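Consider the two complexes below, in which subunit A is the common component and subunit B and subunit C are the respective partners.
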Partner chain A sequence: MAEQFYTVASDSETTGEEKAQQTFPDVAIGIDIGTSKCSVAVWNGHQVELLKNTRSQKGMRSYVMFKDDTLSAGVTGGATKEHAHEERDVLSGSAIFNMKRLIGRMDTDEVVQASKTLPFLVQTLGIGVRPFIAALVNNMWRSTTPEEVLAIFLLELKALVEMHYKHPVRNTILTIPVAFSRFQQTRIERACAMAGLHVLRLMPEPTAVALLYAQQQQQLLHDNMGSGIEKIALIFNMGAGYCDVAVSATAGGVSQIRALSGCTVGGEDILQNVMRHLHPNFDSLFAGHTMDRIKSMGLLRIATQDAVHKLTTQESIEINVDLGGGQKVSKVLGRAEFEQVNKMIFEECERVIKQCLHDAKLAPEDINDVILVGGCSRIPKIRSLVLGLCKKADSYASIDVLEAAVSGAALEGAIASGVTDPSGSLDLLTIQATPMNLGIRADGDTFAAIIPRNTAVPARRDMLFTTTHDNQTEALVAVYEGEGKQAEENHLLGYFKITGIPAAPKGAVEINVCMDIDAANVLRVFAGVVKPQGPATPPFIEVRMPTLDDGHGWCGQALAKMYGGNLDLAVLPKKLQP
Partner chain B sequence: MAAFASTAAVVVAGPVVLPCRKGARRCVAARAIAAAVAAPAVAGRTHYEVLGVGAGASRGEIKAAYRRLAREVHPDAGSGDGEGFIRLHAAYATLSDTDQRARYDREVAALFRRAAAPASFRRRTWETDQCW
Partner chain C sequence: MWRRAGPIRLHLAAIAGRRIRPPPQPPTPQATFSSSASSSSSFHHNLGAFRDSIGARSRSLSNQTGGSGDGECWSCGAKGVFLSCGSCRSVQPVDPAVDYFRIFGLDRGYNIKDNNLEGKYKDWQKKLHPDLVHSKSEKERAFAAEQSALVIDAYRTLSKPLPRALYLLQLEGIHVDEEKTINDQELLMEMMEIRESVSDSSDSQTLEKIQSQMKRKVETWSNSFQEAFDKGDFDRAVEATQRMRYYERAMEETVKKL
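Then we have the complex of A and B:
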C-alpha cells in the first residue's frame, strides 16, 4: 500500500485534472475530527472536494480498532480486512472512540467521568491526572492514550488523501470545538505531529462554517443576486460531543467573528440520557466492564442510537431489545418524553446562544441568517429552539449540515497555503476572535483578564501590575484561560517568575504584562518592570503558552502551598496609571 | 497502512518537537512597552488616518474601510505580520463605537490644541525677532 503514495503517472496518463492537482502540492488539507465522525476535504484547484473512503463514505466513523497486533481506524473501517467493521464491533470494547471528548482532560473532569459507561475502559483516580484508557485485545485490557488513538486515525486519513492525490501531504487545518482549552489544542497538535501532519491553523468549527458562508455570499454578489450589504449570521453547530455558537458579520468576502461561545454538550449526552431513561439501573449495571455487560451495553447503545435518529422524523418509536442475561428493554418513546429527558441539554444550548448574542451586542432582530450545522441540528427541538431564539421562521438552506465545517477548513487551507483563484472565490478572510478570557492571577485569587474573550485575532493587550509587599524582588505571573472570576476556576496555562525587581515600597513598582496572540493563534506572554526604568531593572521575559503538561490541576495548589502570597501581584489602580 | 509497523512508528515518536509555525513572529519587549503607552495618535497617525477615512466618515464608511484594509494587512489574507492588523483593528474598534469615538475625538482635539499652542507662540516670537 505504502508504495502507491508516490506512484508517478506516466505522461500519457496525465489528465488535465491531475495537472491542476500538481499545481498545488502544498495546499493544506481541511480535517474535521468529529466525536462521532470525521471528514477530510481539499481545495483541488477549482473547488473544495470532500474525499470518500473505500466504502464510499464522506463521514467516516471516528474510532481505532485494536486487534492482536494490528490496528485499523474508522477511515478504512476494516474494509481491507476479512470483513468491514459493524457498529457492534466498534462497541465491543476493542475499539476506542470519542477521542475528542477525552483528549487533554484530567480524570477529575466530569466529561471523563461520564465516559466511564463507554464499552472500552476509562479508569479514573480522581486526583487530577490523565485518565487511563484501554481497549480489549484477546480478553486483556491494553492501554493507550487519546493522543495515540487520534494519531493512528489521522495517519489513515493522511494516507487516504495521499492515495487520492498521489503526492505527500504535510499541512493541515483542523476544526476544533469552541470550548477546547489551549491545553487541549496542544494535545491535538501533538497527535497531528505524531501522524506527520503540521497544523497551520486550528479553527473553531463555527468559524469554518462562517468562511464557507462568506464565500457563498461573494458568489451571490458575482451572480448579481446579493446586495453586498453586511449580513449577520448566527451559526449553531452541535455534533456528538460539543455545542458551539458563533455570530459573524459578513461583507465583501470578509467574515468577522463578533462572538463565540461553546460548551461540552452533544449527541453523546443525549444518548446517555436516553439510555439511562430506558434502563434505570444503567450505571450500576455497566460499571463492571465484564464481557457480557459490555455486550449488553453495546446492544442498548445501538438500539438507543437508532431510536434517537428515528425520533428526528417520527413522533414516537418502539424500542425492543434483548440485552441478554434475562434483561429486556421494551418501551415506546415519544418525542415529548425524549425532550423531557434531555431538558437540561436544551437549556444549556439556549444559554450558549443567549450568551453569544449578548457578547455580540446584538438582538435577534439583527440576525439575517441562522445557520444550523452538525448532526444534532437535525433534532426538531434543537431547530425550533435556535430559530425561536433568533425569531426566524427558517434556517439558511444552502449549507450541508455535515459537510460545512470541513469545507470551510479546506477553504482556509487553500487561503493559508497562499493559493489564489482567478475567479476570486478564494478572496476571503475570517477575522477570528478569542473564545475565552486570557489573563493572570492578581489581587489574591482574582482573575485579571488581559485579553477579554471575543477580541479580534491577531491581538495584543497589556495591563500594569504592582507588587503587594515592601521590597518584593520576585513576582509570580500565573497565566489562566477561562470565564471564572476567581483564578482557580479557570484553566492554568503556565507560570513564570519576574526576578530582580528593584527594592521599593509596595505598589511603587510598575510591572507590565503583555499578551500577544498571532494569526496562527500562538499565545505569548511578555512581562517585566517598566517603572523604575534604568540599568538596574531586569530584561523582559517572553514565554510561549501553554507551558504546562499533564497534572496541571495540581500546579496551582502546589504554588499556593509553596509560596503563599509572597510572590503576588496586584492590578495597578487606574488613577495611578499614566 | 493498518499494519503494526505504522503503529510502532507512532508509539516510538515519543517526545514530539512541534515545528515552528509559519508566520510566528518574535515580538520584542520594547515593542510591547511601546504598545503600553499607546496614545491617541501613535506615531503621528490618527485612527482616521489608519483607516484612510475623513473625520466625518459614517459608520458604514468606517466598516467598509476596515474590511478593505483587513484584506491587505491581515496575515491570513495579505502579507502583514499582525502589527498592521492590530493597529487597524484598534482604530476600527474605537471609531465604530459612538461613545468611544466621541471620547477619542475630544482627546485628539485636545492634543492638537496643546501641540498648536507652543507652535503659534514660537512663531510670534520669531515674528517679534524679525521686527527687531
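Then we have the complex of A and C:
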C-alpha cells in the first residue's frame, strides 16, 4: 500500500517513472506474521525460497524478548545456542507474543480481554482505548505497544533476508487474517514503516494460498496433466489466532476470489479452553500476575500446548504437571473430551465455512479441491468438519500446511515487483475481493452498505442519501466496516461532515456518497450534494480512510452525545442498478 | 412503474452512441428527486473534474470524445487499440463510449450465447489488472485501476440476467425504480403468499420446491423481457425486470432458510 511518506529510505526512487529499474533485484519479500510463528520467503529468480534462521528454522516463534537494555526477537531466538530462548523463557513474562491478536484492538475487545491470561501484562480499562501492555524486565513491568513489538520483530526478519541475499530489502507483501479491520491494517503498515519496510500489499492469508494453488494448476497444465478448465477451491486456514476461509475460481493462472470470511478464533482459544478445563480456577488464580503465578501459568501453558499437539495423533494424553505452591494437575484427556471442551470453536469454524460457501453461491458439489492450511488444520476434528461440509473424502495434498501462505506472498511479491519468468510460472494473478461490507451510518443507527463484502477489487460504488431534518445544512458521514446490521456493531473507520448543504425541506436534497477502493486497496470516500446543483452547492469532499487513530472505541458514542440525530442522513430509495 | 430518466441520463445514452429521447416531464414533484442514477453519473463527472487535482482516474468520464472505442495507443502510437495495446501491451485510458458487450466481443442483446464470459473476463484482467503493472508509471497504473474496475463491472453486469436486462434498458435511456410500491393487487397477493409459505415451511423439501417454482417464474419473465425488448415494448420490458426482481428476492429468502 502506498504509505510512501512513512518509508524514509524510498522517496525519489519510487516517484520517478524511469527510476523503477533498480541496480539490484528489488523483489518484494513475502512475510507471514503468524500469531505463533512467522516465516519469510523470497522469489530467488527461479522459485520461492523460504529462509531459515541461524537455528535452521523456517517457522520462527513470534515474540520479542525484553532483557535489560537489549531486545531480541524470535527470528534469532537469542542468537547463540547457549543463550537460545526456550519456550519457558518466552512464557516468563519478559517476552511479548501474540502481537497479531493485540494489534489495533481496543481494550473492550474480547480478544484483548482473553489475552489477559498471557504471562506478560495486558491491562485494560474497558473504555475503548488501546490496551496497556508491558514486559517484565528486572522485576519491573516495562510498557510497550504491539506495533513496537512487531516492528522489532520485522527488523530482525529484514536483517535475516538482507544477510542472506546481501542487498537491502525495502518492499514487502504481508499476509493478514481475513478478519483484520482496515484500522488494524494501518497498524501493521505502521509497524512495517517503523522497521523500514514498505508494504506493497496486505494479502488475506487464504488468498495467498489461492495464488500458490493457481501456480500449481498452471504447472500441471504445462505438464499436460491438467485440464485447463476452471477449478473451484475452498481454502481453510486456521492458525493460532485466526480462522479464514476463501473460495477461489482458478483458470489460466488467474484466481478470482469469489468469497472470503473469517473470524478471530484459533489455536490460542483452544489452548485457553483446555487450560481452563484442566484448572477450573484458572482465571482467578492468574489474574494477579505475581512472579510465582506467572511461573505456574507458564508451566501449565507448556503442558497444555504439548497435550493439544499430541492429541492430533493420539487418542488420549496424560497430563501431569506440578505448578508449584502445592498445585498439581493430573489428568488423562481423551480426544472426545477435548472436542467437547472446544465445541464452540468448532461451531464457529463451521459457521465461517457455511457463510463463505453461501456468499460464493456454491454448493459443496461445485468444489474441486479443499485446501487445508495453518497449524490447527492438523486437528482431526477440524479436518473432518471442513471435509464433511465440503463433502470431500480428502484434502488437496500438494500444499504445505505451514508454508503455503508465505510462499503465496513471495509469489505475489515477485509479480508485484514486475518480475517475469520465462517458464511462465509467474504468469499469475489474483483478483481480490473485499472481506467486509463498507458503508455509512444512515436511517438512525442502521448500517448502509455501499460496497458489499466480496466485491471484486478495484471497486467503486455509490449510494444516494438525503437529509432527515428541514433546512439541515450539515450532515455527518460516519464510515463503518463490518457485518453488523447496526452501525455500532461494526468498526468505525472515520467520519467527516458535509457542510453548506442548501436549505431545503427534509428529503429534498440528494447527497451522493461514493466509496472507492483502488488497486493498492486504499479506501477513499467521496461525498457531496448532487441535487440541487449549481454554484451554491459546496465542493465535494474526498477522505482517505481510516482517519481514526487510537481511541476509536468511544468516538461513535462521543459523536452521538455531541450531535444526537441532528446531522443524520437517510438512505434514498434505491434505483435498480444493473 | 418506471420513469425515463432526466437529461443527464440521456447524456450518457448519447455517449453510448444511442439516439436521444426528448426529456419527459416528471409526473410528480417527487420525481424530480428520484431520477437519480443520472445524478450518480453526473457525480462521477464532478468526481472526474475533482480527481484531476489528485492526478488519478481523471479521464474516466470526462473524456467523451471518440465513439468507437478504438484509438491510438498513448504509449507507442499503434492504431486500433482497445483497452490494452496489442503491440506494446500498455493499458489504455478508459473510453466511456465502450459498452460492456463489446468488451466481451458480443453483440448488444439480452440473449448472449457465450458461456465463457468468465474466461474472457480473466483474459482481460491478465492484461489490465493493476497488480500486473506495479512497476509501470503512475499514469498507467491509474489506467489499469480504471480499466480493471470497468471490466469487473462489465462482467458482473452481463453474467446475470437481471443486471444484463437493466443495463440494456439503461443503454436505451430507461431507468427503473427498485423500491416501487406494488400496485398490481394480484402480484401483491402472490408475493404475500410466497412469503408466508417460505416462513411457514421448515423442511428443506418444501423450500426447495418453492425455490424451483421461483426459478421457473424468473425464467418465464426473463423470456418475456427478451420478447418485449426485441419488439421495443419498453413498458413491458420494465415490468418484466421488476417481476424478475421480486421472484429473485423470494428465491433469496428460501436460500436464507435452507
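Basically, the second predicted complex is superposed on the first by the 547 of 578 C-alpha atoms of A that agree within 3 Å, B and C clash if a C-alpha of one lies under 4 Å from a C-alpha of the other, contacts with A are read in each partner's own complex, and residues count from 1 in each chain.
Heads up, the rule we're going with is that contacts are C-beta pairs under 8 Å (C-beta built on N, C-alpha and C of every residue); 3 or more make two chains touch, one makes a residue touch a chain.
Because the structure is a prediction, the values reported are computed rather than measured.
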Here subunit A is shared; do subunit B and subunit C fit on it together or clash?
clash
What is the contact status of A:I127 with respect to subunit B (first) and subunit C (second): first, second, both, or neither?
neither
Quick check on the superposed pair: does A:A508 touch subunit B, subunit C, both, or neither? Answer first, second, both or neither.
second
Based on the superposed arrangement, let me know which partner A:H358 touches: subunit B (first), subunit C (second), both, or neither?
second
After lining up the shared chain so the two structures overlap, which partner does A:K531 touch, if you call subunit B first and subunit C second: first, second, both or neither?
second
Contact-wise, after the overlay, does A:I431 reach subunit B, subunit C, both or neither (first, second, both, neither)?
both
Contact-wise, after the overlay, does A:E189 reach subunit B, subunit C, both or neither (first, second, both, neither)?
first
Answer with first, second, both or neither: which of subunit B and subunit C does A:P573 touch in the superposed model?
second
Quick check for you: in the superposed arrangement, does A:L71 touch first (subunit B), second (subunit C), both or neither?
first
Quick one: from 45-53, 63-71, 81-89 or 207-215, give me the piece of subunit C that collides with subunit B in the overlay.
45-53
Common interface residues of subunit A - those touching subunit B in one complex and subunit C in the other:
200, 230, 251-254, 256, 412, 415-416, 427, 429-431, 456, 458-460, 462, 464, 512, 514, 518-520, 526, 528, 530, 539-540, 542, 578
What does subunit C use to touch subunit A in their complex?
33-34, 36-37, 39-40, 42-44, 46-47, 50, 54, 56, 118-119, 122-123, 125-126, 129-132, 134-139, 141, 144-145, 148-149, 152, 156-157, 163-167, 170, 175-179, 241, 245, 255
Contact set on subunit A toward subunit C in their complex:
15, 17, 20, 200-201, 230, 249, 251-254, 256, 358, 412, 415-418, 427, 429-431, 456, 458-460, 462, 464, 466, 507-508, 510, 512, 514, 518-520, 526, 528, 530-531, 533, 539-540, 542, 572-578
Subunit B-touching residues of subunit A, taken from the complex the two chains share:
1-2, 69-73, 76, 80-81, 148, 151-152, 155-156, 159, 189-190, 193-195, 198-200, 230, 251-254, 256, 412, 415-416, 427-431, 456, 458-460, 462, 464, 512, 514, 516, 518-520, 522, 524, 526, 528, 530, 539-540, 542, 578
For a test of understanding, state which residues of subunit B touch subunit A in their complex under the given definition.
1-4, 6-7, 10-11, 13, 16-19, 21-27, 29, 32-33, 35-37, 63-64, 67-68, 70-71, 74-77, 82, 85-86, 89, 93
